[in-house]
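Chain IDs A, B and C follow the sequence of writing; residue 1 opens each chain.
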Amino acid sequence: MARTCALTISAATEVNEHDLTASRLGSLEYDPAPESSAIAHFRSSYGLFIDGAFTDPSSHEQFVSLNPANEEVLATVAQSSREDIDRAVRSARRAYEEVWSHTSGAERAKYLYRIARLILERAREFAVVETLDNGKPIRESRDVDVPLAAAHFFYYAGWADKLDYAGFGVNPRPIGVAGQIIPWNFPLLMAAWKIAPALAAGNTCVLKPAETTSLSALLLAEILQQAELPAGVVNIVTGDGSSGAALVDHPGVDKIAFTGSTEVGRLIQQRVAPSQKRLTLELGGKGANIVFEDAPIDEMIEGIIDGIFFNQGHVCCAGSRLLVQESVADEVLRRLVRRVEQLRVGDPMDKNTDVGAINSAAQLARIRELTSFGESEGATRYTSSCTLPEKGYWFAPTVFANVAQSHRIAREEIFGPVLSVLTFRTPEEAIVKANNTNYGLACGVWSEKGSRTLWVAQRLRAGVIWANTYNKFDPSSPFGGVRESGFGREGGRHGLEAYLDV
Amino acid sequence: MSTAPLRLVTRDDYGVKFASASVVPAIGSETQLKSVLGALAGVDAVGLEARCAKLATRSIKKSTKLEAIDLAISMVDLTTLEGADTPARVSSLCAKAMRPDPRDLTVPSVAAVCVYPDLVARARSALANSSVAVASVATAFPSGRASMRVKLLDVNDAVEAGAHEVDMVIDRGAFLSGRVGEVFEEIVAVKEACGEAHLKVILETGELVTYDNVRRASWLAMLAGADFVKTSTGKVSVNATPPAALVMLEAVRDFAESTGKLVGVKVAGGIRTTKDALRYLVLVNETAGSTWLSPDRFRFGASSLLNDLLMQRLKQHRGAYVRSDDFSGD
Amino acid sequence: MSDERLDVRKTYKLLINGAFPRSESGRSYKVSTKSGDFLANVAQGSRKDLRDAVLAARGVQAKWWASSAYNRGQVIYRLAEMAESRRDELANHVGAAEGLGEQQAEQSVSRAIDRIIWYAGWTDKIAQVYGGANPVAGPFFNFSLPTPSGVVAVLASQESSLEGFVDAVLAPIAAGNTVVSVASELRPTPAVLLGEMTATSDFPAGVLNIVTGVTSELAPTLASHEDVDGIDLSGVNLDEANELSVSAAGSIKRVFRPRPNDTDPTRRLRAFIETSTVWHTIGQ
């Protein structure tokens, strides 16, 4: 007997739908509780952070950074040319050779501790900047992105003078100049994930933020100035894909670390292959969230919601495929859809918003395109009836039921608030379905039975497995994928390996 | 071309749906009861507490706050359960219950006054002709350590004195040692002794310790006929907590869905501030929904909470902080 | 001389899925000693042989990984025992292949056998050395386990016919991977002998597959094969390695390229290990 409802009577099946008395969830409407945007002071235009100072790009070319929630221009950002990238790499090289490689681990640690503290001092400002630029709910940038970014610096600070004990032999050497390319889904956090271990290990960096979300990285540049980090140790160059390509191709770069799509990751691996550059890739995913009939149902529903709607589903490790044991599939779907309907979609700056804006018009178009296949391939679509703002990029939370393994929505990374629900009967079948993907970043398992959870965890081909939870991150916990989700780890002792010549 | 159904969700479709006819199953044996309780889904403490922490970040502002404060006031079981209680104190409490802020008649009266059985008659007379109910603790409150005979006499006393509501305590020892049939029978007997009076069953969640136990005890009480499940006596070290309340809200929601019977939730003990109360209302709002956002289905057992609600209410209206001495100390 | 017995020569075959087939292509090629004397005709493996070998390796990988680390260690240790008992034969072949004197060849075989034992001992240490608990800030039990990448293609050293081969194939196997290897093109027989020994060492069929043949012909197939998770490029030159690396990027393979004068023997071990991190809630 499924352990979800004590009684064999199921309201959903036995009761005439038209005859129901119902309790409306969320009937107490919350008045808007907007965070003040005044705390973020944007300059009208930003230069490139090279050699410790903001400088104009050689082309003087700027592009706009929009608030995806209302399409208003927040600032203009510099487009890096090949020459700018070269200048940044040379700055990083000089800093590496003249300063950073002579700076003791203990001193490097203190810089990183400073950065961690400075981020927290200006946490609210960072949260506002991130939400305005990215479209994510202020609750998430405030409670997740910013504190985790600071924690990451704090964690790696402690490693800087203990590298001898990290298990890579005595006196492990840094690699040199690291070129780091990060995505738009967690702009500040990804910058922290890249910069903190690189500096702890003794490297210098050239970081290229994503085109649509440069502003929090530029604010981080101000922090680096306040921390008095030596000039050139971290350089931040904004721009589109061509700037990233110039960084990847630059012969003065010793290591490339990339987080983004598998498609681009593949291109980067191909371009880097003939060189001696080191490479780590953190790429896409199509995470399976596996629900067994004995799962703790209420927390599991929340976990499914967090798994796919956290950050609008713009999460490489999102639990975008829900695999539910057949015996509880109807009940799980009923509760899930009810919960989806409750999500508060709208102004990201509102403290009560659960789901914010899609980051860009391009991403919205992609989500729309892929979800249209969901319907045409025969899945049943449930979409929240929430009212979407008129301006900005929005997509209502959506669940597809009756999805087959072969459907595109079950195979391709949508990177949006769209969940595909599939069913299974036995643990073995769940594993087969979960592993039936070229990706292998993250999976979830929901069960109250420890032995089965571990049995499943052992067989899932994924770099991260969350049991009775989902989308949890910690600086001490290695994160990264297997197979086409990339290689290398970020976080923990393992994350050091990506920046040491070992 | 697509023939797949497009199912647009609407709020009305996907609220909490109740079974149309009350179909609470009869429990015939302890074995049957155990199998029903054993089939309940487990609770993951981490996920539960994380959910509460997230809901605690809900920001309740402006008109929502005023609406919520008035709602909370109307849900208060204004309580005095001290050995030192006097008839005079009960009378003054009743006055406050009916008209919490004598200068502002738009403030709603509270739901009930909650006293010991021997003060029920006094409360009844003080509250005559008002909408405020009289609730009485009974069954050897708060420990529940008495024979069944004594417990039932205690209930009879309260009911005969005119209590509209009876707050009983369960035998936690029996529950924890697995004698769930005994607990069940006790509730059934008390319910019968209550007659027309509503029965609130105090689980004493702090002593049940695990959330799994809170969920099982909630179902046990509901199956045995409870009109309300209540967290705590207020007399032990761990009183109402948001996670325990959330489990109970999930229980009453699921119970209504499968049986059609609506059971209320009362949180009691340690709830002193408007902020606390609003957090509980958010849990109600987002877990059980509109049907429970009513004094008929949700209560705060509290004494000092009311004054804080009144202060915050005044502050919302005035736009300036007010002093506590503005309100009577009862 | 009429009273001298005519020796029985061996046909040097492939090792695929525990069997010793000739190449499906029917081809073979002549292998000589370092000094140029005829040594053997060796099966010349084809793309289809590699396809079969990858299928076999994939088929058994989960089982190999699921067997206990202790058991994997025993299997590898057993291989050392088999090699020890046939060390003279190995030494003859290593000597002939690499042009070493008797003593040098024996020393090379000794080192190779000792190396097998070294890897045997690693199987149940890897998780402890490269895994561990992570002290996350929250009510979670969090641990990282090293897990195998899956199927690893090995283009073994062209020069070091036995020692190089042992290192290249046993590092991934000890970590729980299965291997499709291409032996040294001109010096394949020591690897073939070692492959034969796996048949009496309880190696599950498909854990180690050995294809002999022309490396430049075989390598692109492995580098581009989408069901191969990682590739060791020890046996190709720099230009070839660059080209194969590009091809390997098509399916985001893990690529191991040897470094000159590398003194860290764990680098190979780490090359085809993934870190899988499990979180579980902690609560009453």
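By our rule, a residue touches a chain if its C-beta (ideal position, glycine included) is under 8 Å from a C-beta of that chain, and two chains touch if they have at least 3 such contacts.
None of these values were measured; they are calculated from a predicted model.
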| What is the set of chains touching both subunit A and subunit C? | B
| Chain at maximum distance from subunit B, centres defined as averaged CA atoms | C
| remark: Chain centres from averaged Cα atoms put subunit A and subunit C apart, in whole Å, by 37
| task | Please compute the C-alpha centroid of subunit A, do the same for subunit B, then give the distance between them in whole Å. | result | 41
| said: Nearest whole angstrom, what separates the Cα centre of subunit B from the Cα centre of subunit C? | reply: 68
| task | Spell out, as numbers or ranges, the residues of subunit C touching 2 or more other chains. | result | 138, 140, 281
| field | Sites on subunit A at which at least two other chains make contact | value | 468-469
| note | Where subunit B touches two or more other chains simultaneously, the residues are 44, 46-47
| Can you name the residues of subunit C that touch subunit B in the complex? | 138-140, 281-284
| Partner subunit A, residues of subunit B touching it in the complex | 1-12, 14-20, 23, 25, 36-37, 39-44, 46-48, 50-51, 54, 57-65, 67-68, 71, 219, 250, 253-254, 256-259, 281-282, 285-293
| note | Per the touch rule, the subunit C residues reaching subunit A in their complex are 62, 66, 129-130, 132, 134-138, 140, 142, 144, 147, 149-150, 229, 242-243, 245-246, 248-252, 254-255, 264, 267, 270, 274-281
| Residues of subunit B defined as touching subunit C within the complex | 44-47, 49, 209-211
| Which of the residues in subunit A come into contact with subunit B in the complex? | 1-7, 9-12, 14-17, 19-33, 139, 143, 294-300, 302-303, 337-338, 340-342, 351-352, 375-385, 448, 468-469
